[in-house]
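Two complexes are shown next, each including subunit A; its partner changes from subunit B in the first to subunit C in the second.
Up next is the complex of A and B:
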């Protein structure tokens, strides 16, 4: 077994890991290494060959691989080490245990940044009944097979779930010559971004069936059809109104789950809602030497947000490793009415701005977002419309952070609910 | 045309146990199966239990063979490197009327020679298995019930048989037989025709169809569907014993089963269906399992299930094991009525049939140098970090993790493909080494496994199948 030592170890060479590593270096960490299981950097962006990335971060529209490339180049220029084709398997106190074809490597660290991303929810998570033929793919797997491996996966496709990857794959499959027969969404509203509905479904005449779900999968060898039913207000299928759609492929775009199995080995507290670590504004978990960012922390809507958040994680991990991150009393941040979750879940009252990232519960118009503490409203913001598919951000300015009393609650109130 | 001394139709538990038993002797043995892999239909999708004969119908052939087999099984698993958990089983008594049933069952167990099948007080049962419903009135404890990975057992028997010279022909469906003058002249299959002195029908769910080919079928086989949930490793509430319902005359009920692979299985249903290929899970079936299981183990987290599946078991009418050396057609041996008990009983059935063949005049000379043991594929995930390092030093492909959820390496996948009776499909790889068996259900590893199978078998990726003949993973133009 090989032993080595780094100031900062970053697990994951996707957008979160790269941004964190670069930021750690810029903030004084000398030895920084990124552990990546695949043979190339970039993470999931490698397979996101469509445009739409970087509008916020770079002020221009890039494809996924282009966005990733900018960060890879920066990382290399900044003298960051990489261990490719290497899988992290366990965190043992302040040592990360990795394997690659050379053997087992024990890497001790000053601080660890978790940036492993997420996985896709499966058919089993939804308990969709029916047979188990070939031709059922999660949208991301399909995307990898098509964009990285150059395969065709099917001719006639039904997509369950209106998440962003599902809609982007509807367009990608159409461009590749497949017929996308429908995108089916159990909720009465879209799960992903509105711009993706316009660009990926409407422009290709792909019907979106809201308030519907798949109640049966048919076919013994390969998918032959799916049975679809409308759902009532309690999301229960109305079986009298089923219809069958013939297809050879069913794609699932039904949500993402932060990939926190490694995190569990370190006994870090996870949130039951985000399924990511519970952190403060430094992205620091309850094991003070472990930080988390990107989709392993909470599932993001835009990579631009991931980059910003991860830069914070890298910076504070570096400061921690250098002994410059002070530990203050922390106060809890909780979701109030109309809000599903807030990240971070606690904040240390420092003399600096604090960004709160959160998702609303239901879509609505003329939404008022409010941040309160025990003494009343700290900040408030009005938006024309909000959806749960979009991450909202509010910043508590430094002068107010110092004066916070009790706990923080974030609320969202719509004048008009859009269901 | 293939010529063989013995043709076994069906590579499930019974067929593979027979193949291994016959491989001890100096004769040609061939096994054919319509599927792409060994493991049959019922044998690969069940709960993997090795139970005692406690609740078996008294005095039946089934009871006798299962009792014999149960006592042999641990040795066989040791020889074949098949992991088994000796967890014992508990049937919690939930209602007063089950107390009478339980007493009756212990009497039956005594008659079946199972003396350690006992009713224990609620307090003792709850101490042994704190996850159980605290309201129970007591429970039946059966210490010798065990759990194994049923597929690993069946494939280990097949692998060992193949190493001892048995030929396996898969993707090979028996279509008909030339029978005249009380003799089978030829067996027609979807591949070559086969000429055999002995033809053994071990076709399980399809044994009625094979028996009809020699006009020796006075029974029917009906598919009985059993749905199961598989739980994730990290679900917070896990049982340490096999938890079974107190069986009623009608059904054995739902079980909550700890597995060697550290997943829990919860099921099955028992629904008689028409179609032998009906492997559909249903909302009703899954809901009924959940309701029954929660009565026994109230803390189960059903949101932690990583998959649900169906096993179809053969229900014979009339019921009961039937092993018959045909009087009408020389050399035809029919095995029918083998149900869920058959996983355990398989090795007993094999011994019984081979003895019968000797009595019927087959001269069997023991081979010199028969290989009794087989080593399993070393599982990277189970090893300590020092052992992992040593594995990689010896074979660098142990350092390439393909399935992240179950920590399965490329080396294990290559072994699964290249061993005797190896894997040719994604499901076959998954059953052998668990790639794709974890929380993401093959989302991350399937593109890589497709690539590996294509490369190793020298076929285009479009031809890689999930299973069977036509279940292509990609779009085959």
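Up next is the complex of A and C:
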């Protein structure tokens, strides 16, 4: 394939990239292309064969592959081009450099949408000591081996981390005849969604060990056991109280990191907290021709949120490429008490609603969420319960956006803390 | 009987209190919608789950095809369902939504493919 030019280039053919591409097309971009390194569209959804997707976006419960297929069918119907088996390697001003079996391709663009998703934290990230036997997998790798390649990975399994993928794999392994002996979580509360604890752990009588961690992995050729210790309030293991759990497999479900190597090549400013780009409500980075959405921007809990956010990214990227996105003064949005991060990190005060997505710091009940500017409270919302595993959303209505004074701060206050 | 059920129908996760002797006299509180009421009653009297798994497939670049039931089936037969699908072997091409079994384990739920797999020569 020869060098070419597109109005919109989208990097990544997962749920974020597909939603952004379709939305760009619908909002006036004529030539749109999606760059995908694998041989199929759908991204991580291809291996998420469990149900629970689409309840918000489609109003029905779908599996990951079905959710992805709906979007890839739409993308094809909308005349979007695809470059499969192609890796984007560098952004050079307004050109994306890609490589595939044909060689190097330079694609120039009006606007670029980054939708590369995220990858898993590994044993190396955690620096777990011990030997290096076979049988240690990240939860997502195990998911791919089982759901895409049809392999079996082990008979007796311990899972470190109570992230959603780990819990979902606990159920998948149990149904496949394996014994999941424990899910071990260093924090005093669950990392993932409550629904997954109920359907994946409680249904199969799998114990959840909160405030515990793995301090050693034992075995030479194959994992034979893990050594587990409770942790004190500073998350330091209490070595006097260790116990050994025999197992042949250890899964790690210990967090996800947005995959931003490409973003760095364009010198886009990244957030130290989300590890994704710093953006405004248009999902526009500080390089105005680069937009970002989905898990490469911030790790989401539900794909339904990703679809909505990515539609915004695609829309505003299209408007930018068409010269229709006005650049107004922007004000900062920062996390206040009880909030870990807010995305977007800045907003332009336009005459339109602004959605703020954020995570709370600790779980609690009877939570009051508040958005303030320098003159006081703009909006509040009360929730029965919030957890850091769930993304919260508040919308500042258009009439209030116009009148914002100073900066925006988002706070969360629990009546009852659940630790 | 008195218990609290965390609803899993949608991500809101309402905590539904339920007090009952029989299904008919159950008193519920804390639910956000009607779906929560039927979920909480089911959870107490006949808990159900949507079953998802994968089955063997030949004639495709993939070795397994993801499948699901079209509605939740009794939680008590999930392990039996997992055993049942181990015996299924299909041939590509197959379309997303195509019915594999019409009445899966006598539950009135269909077992369907959840991904389109073209044949190898497509």
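Just so it is clear, the second predicted complex is superposed on the first by the 418 of 419 C-alpha atoms of A that agree within 3 Å, B and C clash if a C-alpha of one lies under 4 Å from a C-alpha of the other, contacts with A are read in each partner's own complex, and residues count from 1 in each chain.
Here is the rule we go by: a contact is a pair of C-beta atoms (placed from the backbone, for glycine too) under 8 Å apart; a residue touches a chain by one contact, two chains touch by 3 or more.
If you're wondering where the values come from, they're calculated on a predicted model, not measured in any experiment.
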For this session: For A:245, decide between first (touching subunit B), second (touching subunit C), both and neither.
Result: neither
Exercise. Counting only touches as set out at the top, which of subunit B and subunit C does A:123 meet: first, second, both, neither?
Worked result: first
Exercise. Looking at subunit A, does subunit C or subunit B touch more of its residues?
Worked result: B
Exercise. Does the superposition put A:63 against subunit B (first), subunit C (second), both, or neither?
Worked result: second
Exercise. Counting only touches as set out at the top, which of subunit B and subunit C does A:87 meet: first, second, both, neither?
Worked result: first
For this session: Figure out whether A:194 sits in contact with subunit B (first) or subunit C (second), or with both, or with neither.
Result: second
For this session: For A:50, select first, second, both or neither according to whether it touches subunit B, subunit C, the two together, or no partner.
Result: second
Exercise. Should A:148 be classified as contacting the first partner (subunit B), the second (subunit C), both, or neither?
Worked result: both
Exercise. Counting only touches as set out at the top, which of subunit B and subunit C does A:390 meet: first, second, both, neither?
Worked result: second
For this session: State which residues of subunit A lie in both footprints, the one left by subunit B and the one left by subunit C.
Result: 148-149
For this session: Mind listing the subunit A positions that touch subunit B in their complex?
Result: 1, 37, 85, 87, 89-90, 97, 99-104, 106, 119-120, 122-125, 127, 129-134, 137-138, 140-141, 144-145, 148-149, 151-155, 178, 215-217, 220-222, 248-249, 261, 264
Problem set entry | Sites on subunit B touched by subunit A in the complex | 234, 277, 279-283, 285-286, 303, 305-309, 385-386, 388-389, 392-393, 396-397, 399-401, 404-405, 407, 439-444, 446-447, 450-451, 461-462, 465-475, 477
Seminar exercise, completed: In the complex, the residues of subunit A that touch subunit C are 39, 46, 49-51, 55-56, 61-63, 65-66, 69, 146-150, 175-177, 193-195, 198-199, 203, 301-302, 384-385, 390
Problem set entry | Residues of subunit C touching subunit A in the complex | 6, 8-11, 13-15, 30, 49-50, 52-54, 56, 61-64, 66, 68, 75, 78-79, 82, 96-97, 114-116
